[in-house]
Amino acid sequence: MDALLLQILNGLDKGSAYALIALGLTLIFGTLGVVNFAHGALFMIGAFVAVTVQRVLSLSYETVDPSQKDFLGNPLKVKTPYVESWFGPETGGMIIDWSVPIAIVFAIPIMVSVGFIMERGLIKYFYKRPHADQILVTFGLAIVLQEVVKYFYGANPIQTPAPDALNGVANVGAAFGMDIVYPVWRIVYFFFSVTIIAAIFSFLRFTTFGMVVRAGMADRETVGLLGINIDRRFTIMFGVAAAVAGLAGVMYTPINPPNYHMGMDFLVLSFVVVVVGGMGSLPGAVLAGFLLGILESFASTTWATTTLPGINQIIIYLVAIVVLLTRPRGLMGLKGVMED
Amino acid sequence: MGILEVKNVGKRFGGLQALSDVNLSVKENTVHAIIGPNGAGKSTLLNCLVGKLIPDTGSVMFDGQSVLGRAPYEINQMGISRVFQTPEIFGDLTVMENMMIPCFAKRDGAFMLNAMPMVTNQKEVLERAEHMLEEMNMAEKRHMQSASLSRGDKRRLEIGMCLSQEPRLLLLDEPTAGMARADTNNTIDLLKEIAAERDITIAIIEHDMHVVFSLANRITVLAQGTPLVEDDPENIRGNPKVREAYLGETA
Amino acid sequence: MFGLDKRDTGVLIIVTLLALFAPIILNPFPTDSAMAQFNAGYPDLMQKFVIFGIFAIGFNILFGLTGYLSFGHAAFLGIGSYSCVWMFKLLGYNVIPGIVLSILISGLFALLIGFVSLRRSGIYFSILTLAFAQMCFALAYSVLSNPRFNLTNGETGLQVYANDPQWFHRDGLPDLPHLFGLSMRATQKIQVGAWEFQLNAGYYMCAIVMLICFYLAIRIFRSPFGMMLRAVKSNQQRMNYTGLNSRPYTLAAFVISGMYAGLAGGLLSAVDPLAGAERMQWTASGEVVLMTILGGAGTLIGPVLGAGFIKYFENIFSKINDNVLHSWFAFLPDGLEDFMVFIIHPFIGKGWHLTLGILFMLVVIYLPGGLVEGGQRVLGWFRKRSAKPDAKAGKTEPAE
Amino acid sequence: MDKSNLSRRGVLKSGALTSAGLAVPTIFTAQSAAAFTNEPTGGSVTLGFNVPQTGPYADEGADELRAYQLAVEHINGSGDGGMMNTFSSKALQGNGILGKEVKYVTGDTQTKSDAARASAKSMIEKDGAVMITGGSSSGVAIAVQGLCQEAGVIFMAGLTHSNDTTGKDKKANGFRHFFNAYMSGAALAPVLKSLYGDDRRAYHLTADYTWGWTQEESIKAATEALGWETVNTVKTPLAATDFSSYIAPVLNSGADVLVLNHYGGNMVNSLTNAVQFGLREKQVNGKNFEIVVPLYSRLMAKGAGENVKGIHGSTNWHWSLQDEGSQAFVRSFGTKYGFPPSQAAHTVYCQTLLYADAVERAGSFNPCAVAGALEGFEFDGLGNGKTLYRADDHQCFKDVLVVRGKENPTSEFDLLEVVEVTPAAQVTYGVDHPMFAGGALGSCNPGA
């Protein structure tokens, strides 16, 4: 029982990353009708915003310590971060320690601007082009972005730990008399993504802006005829989607150290999630994200892999095939979307 | 016994009874119009005839064979061709190629892996398509990409494509919808010519009374999913029930 | 010629000449010159050009004609490769049985996968094919290489071992893939002054197969069947109401293009008897999509150009290193030399992905019809210059 | 390239093909018959450095390239000579190899066997490379080794740890300096025993492909010989990025040691996840829970950051070694590039030097002569103590390092500390060891 709940919790935790990425992807697809292969790259850029913030916060000056030697036998240059000398080691250390949460503050404006630049500078010329062209140009963009990141940050993963206070494990089952130990940061990630998802949904549902956007998703031309500048709103939504992907990336860095190809690793998977959820359906994307997370978690249990060897490798695709064959438009998809 | 016999057809969409107890008999070599106000179930009925929808109850017989449960292409191969409300043609292809495709369908059936012979060697198909284009007065446009044709020409092309299959029954779904008056008249003349010169039955769904009364020699009036009356045009004109249900609203 | 019209015959003749003289055309620079870095006329790369050309031609029959975008075609490439190597392992190194089997097996897989995937269209179809291919890759990489049932040899790649049966292998035959005794590696080197040209048996075999494939593709494009496939792309609704069943047409196109992919996979094994699982990964499927669109989807010659373009980058640009750069710019003053190297450095060697990504974007943004459109524009520009009054001649007809 | 076939049967045929296809004017001169593939004829010799430059191992590839450049410099006589000065064989003069200047070409393996072979082929066919070296995964190493055997050039393997490279996939033209999974197990076992005792329950997470399996097999055999019990072995997909669903079941499995048979990005993530789940602080069966990473790499350990602290593993070489050879290498590498070399850099540097030395001693670039000079060659001064290139399987036998993640690193390079240097004798195995059975070395192929 405990093990079962642990796997479900793990599935929700995995699923929250999928859901966030798929949500952004669906927002872009639903509003702009663009298949954005660079969405994974936005996730990656978000993660590297966290890396950069961490690096900037720990910018250091060097002092020579003759008592220690470096690898060449020269006196060791000891690095002290500026923030530690400004705020004292205590507070300074704390600031560096909290660099990932601090990065959120920077990530929002950065990612929104990245989204704006992408949409205004490139994507908007592709609204009327075939989906294949959109895929190709955004794929090219994804390659360029990840190669640029690789050029500056290298190919190896970069450790960006969570604040010490959030680094341990918590027994989430204790309240129910069970023993379910789970990393605190992963729980934080889960609640963070639920908050973001809830925020996006209420934004679309309860604000006039959101209502116009939803109406535009359903029927762009009619809304345009009403004299509403729907394009500008869609641009803003692209920025929002980029920010969602970026935040998902920032928060993901303590879970797994970011590297330049993490976006590509998630790309195929997130497309599968979007399609299983149903192209253009926001609730579908979220539902499918969590569902696939849980299924993936269960497929990796020893029980599953001994019953069906290799099931953990193919479960996602198997689910995609079964869903698409039984529910032609995914779990909650709309008719006629992306079928031509 | 008509070429097309619709018996007791009913169709439900969720809570909406789109068709109930529809009986219809289209006699061979007539022009049979089906009219009715918006939402009367005209399009649903048409879709039941061509295999796009399967009715919940009743039967649809074409030339003594049931069409129910057959795919659109099978029904077409039985001899029913359909003209759409907005012309459905192969926009990326040239006019000539558009005309050749139904000729191939007529000659080769629903599928044939004809991958090695060249199109340019298909003499009888080429001749047939050429002939059809001439009949439709489109021969000089044969190399144009069909998407760039005018609406009226697209309609002519579509009708020509249907005719090239030599169907026994031609179904037209509001063929003049959205057309300018001149184009409408051209289409009426074309259809008249077809009806007069060919061994063909035409069933036409139409809104425009001018078209209906210029063409039809039998009319069925649908209202709220059921046939209200079926009669000759003269009688329909004078029928008070029809006036009330339909003409009264539009006239 | 061969039942083709004048224009197609012209294209076929040009492609034939290019293929036959590739070893010379692709080696324009003397062997010891600094520019020799850009020579592509060595057997392995030429083989890759034509083999991936075949792959892309086949993919284009599906995507270019019917518009169905498969994201899983690499699976057939991989299956073809594995089939061919298995023939080497069981029968011996003659390439014929391997190539034949690779076409058959991949055709069979294409039939199964296509039958299921073609029940959906649009992006749903793409994701279904992607899912099947990724499953093939994942299983080939790990589960199917387990010691008890080793079908693929996993990470290392399937290869021939000394203790394999090789029933028809005799002593006189080469210990490498061969065509009735002619080793695929047999290379005649010819020196003309400072140039060296390599005539390789494997390349010529692949080139001949490619020419046959190209010819067959022209026939398909110009056949009633090809017209039906274009009809599928243009308007499936009209097609169905014209008495044509689009499903078997698309399935046939899928199987044909799967067989082309299988053949390409078989040839890859024939010239180099090792089949790696990465061949089936989604990036490999993406690569053929890129090749086709980059060259010009729906055109005859485009996919071949696209294949050449990408393979050239992968193999030539990745090999340029700073040393080479320094040798190019050695004539400049020191500071300027270093500056030039510094500027170019990010785009070559380990940065070849970056260059490729930028070029993708440029081509897609400015040449929606791919390289073929680029070629037409250049031609149109020349024509305009030679015949000024006929100003609009450049771009009336859609890409061939 | 493969002129053996030309000479055996193909001459007539391809000759006919040539003259039929092109009327051969007299300026065409067919290349004179060479004694072996790419025999260097001018004043220089070309080596092919085939390393991952794109993909997840690009940083290791970059480090390997640095070491290659350094090695070429030293062989050609510039720089401080590095390990050439400490190398026990003094055949190299600092004037290139056999008086020929060493040039090199580089290529990108992309860590894919296909791409690696394509790149190696272009080096052989286009650039006339007489030796290929590099790589940072076993799949690539085995694929390229096979190619070199067929083509008739020497392959000096870079980073490859699978038993198969010198086991069932060994080739007469291929040589491996790096250690292997069996050696990792043999070196780690005694250390683990002294640290954690002989009553332990181990849980393996294994990357689901050939290298992972051989490593799991090796470590399992070595630890079970200590009396440890293996609770479970779970295969994880290579493409996995998040290992939480594999780590979670470990918590309640009753195991008290977790063995991570992962490398590269997989290792970084699985270790990070394991530490996240509190395994390092956990108590099971009254003992401290322990994590073991059998194959360590400093470059990768950096990605795992603080998580490596106190975690044991084995490695081929580490820059903090105090012997003369290592010191010389670190000095010349560090002076040139500003940071210490990785084990990958060390291995490929050694391989280049060993190749050059063997050519020098054999007096010929002929692969068979070079192979003869390397087989059974005993040397010292290259950082791993006394080393033997065993003739039977072309595997180097040398000391293996057991290392531990350092608790208080003084710099960003100072991540691992050497716990023990396991002597070569302890990691040596018989040629007929079952884990290495199945292949045959064959005979060397000079290609002509």
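By written order: A, B, C and D. Residues from 1 in each chain.
Convention: contacts are C-beta pairs under 8 Å (C-beta built on N, C-alpha and C of every residue); 3 or more make two chains touch, one makes a residue touch a chain.
Computed from a predicted model, the values in this text were never measured in an experiment.
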Next item on the list: Give the chains in contact with both chain A and chain C, ordered by label.
Entry: D
Next item on the list: Could you work out which chain's C-alpha centre is the most distant one from the centre of chain C?
Entry: B
Note to self: Need the CA-centroid distance for the pair chain A / chain D, whole Å please.
What the structure shows: 36
Notebook entry, point to check: Roughly how many whole angstrom separate the Cα centroids of chain A and chain B?
Noted result: 52
Next item on the list: Take the average of all CA coordinates in chain B, do the same for chain C, and state the distance between these two points in whole angstrom.
Entry: 46
Check: Cα centroid separation between chain B and chain D, in whole Å?
Finding: 73
Checklist line | Shared interface positions of chain D, touching two or more other chains | finding: 58, 208, 235, 237, 239
Checklist line | For chain C, residues contacting two or more additional chains | finding: 138, 142-143, 353
Checklist line | Contacting chain pairs - touch in the sense defined above | finding: A-C, A-D, B-C, C-D
Checklist line | Residue ranges of chain C in contact with chain A within the complex | finding: 63, 69, 116, 119-124, 127-128, 130-132, 134-135, 138-139, 142-143, 146, 282, 286, 289-290, 293-294, 297, 346, 351, 353-354, 356-361, 364-365, 368
Item checked: Complex interface listing, chain B residues touching chain C -> 50, 71-73, 76-77, 81-82, 84, 88-93, 97, 100-102, 104-106, 108-122, 125, 145, 161, 165
Item checked: Residues of chain C defined as touching chain D within the complex -> 20, 39, 42-45, 48, 138, 141-143, 145, 147, 153-157, 159, 161-163, 172, 174, 176, 178, 181-183, 185-193, 196, 198-199, 201, 204, 268, 272, 274, 276, 278-279, 314-315, 318-319, 321, 323, 349-350, 352-353
Note to self: So in the complex, the part of chain A that touches chain D is made up of which residues?
What the structure shows: 2-3, 6-7, 10-11, 13-14, 17, 68, 70-73, 76, 150, 154-159, 161, 167-169, 179, 181-183, 185-186, 255-257, 259, 261-262, 265-266, 296-297, 300-302, 305, 312-313
Margin query: Which stretch or stretches of chain D touch chain C in the complex?
Written below: 1-6, 8-10, 13-15, 17-18, 21, 24, 27-31, 53-54, 58, 61-62, 65, 104-108, 112-115, 117-119, 121-122, 125-126, 137-139, 142-143, 146-147, 150-151, 164, 168-169, 208-211, 213, 235, 237-239, 439-440, 442
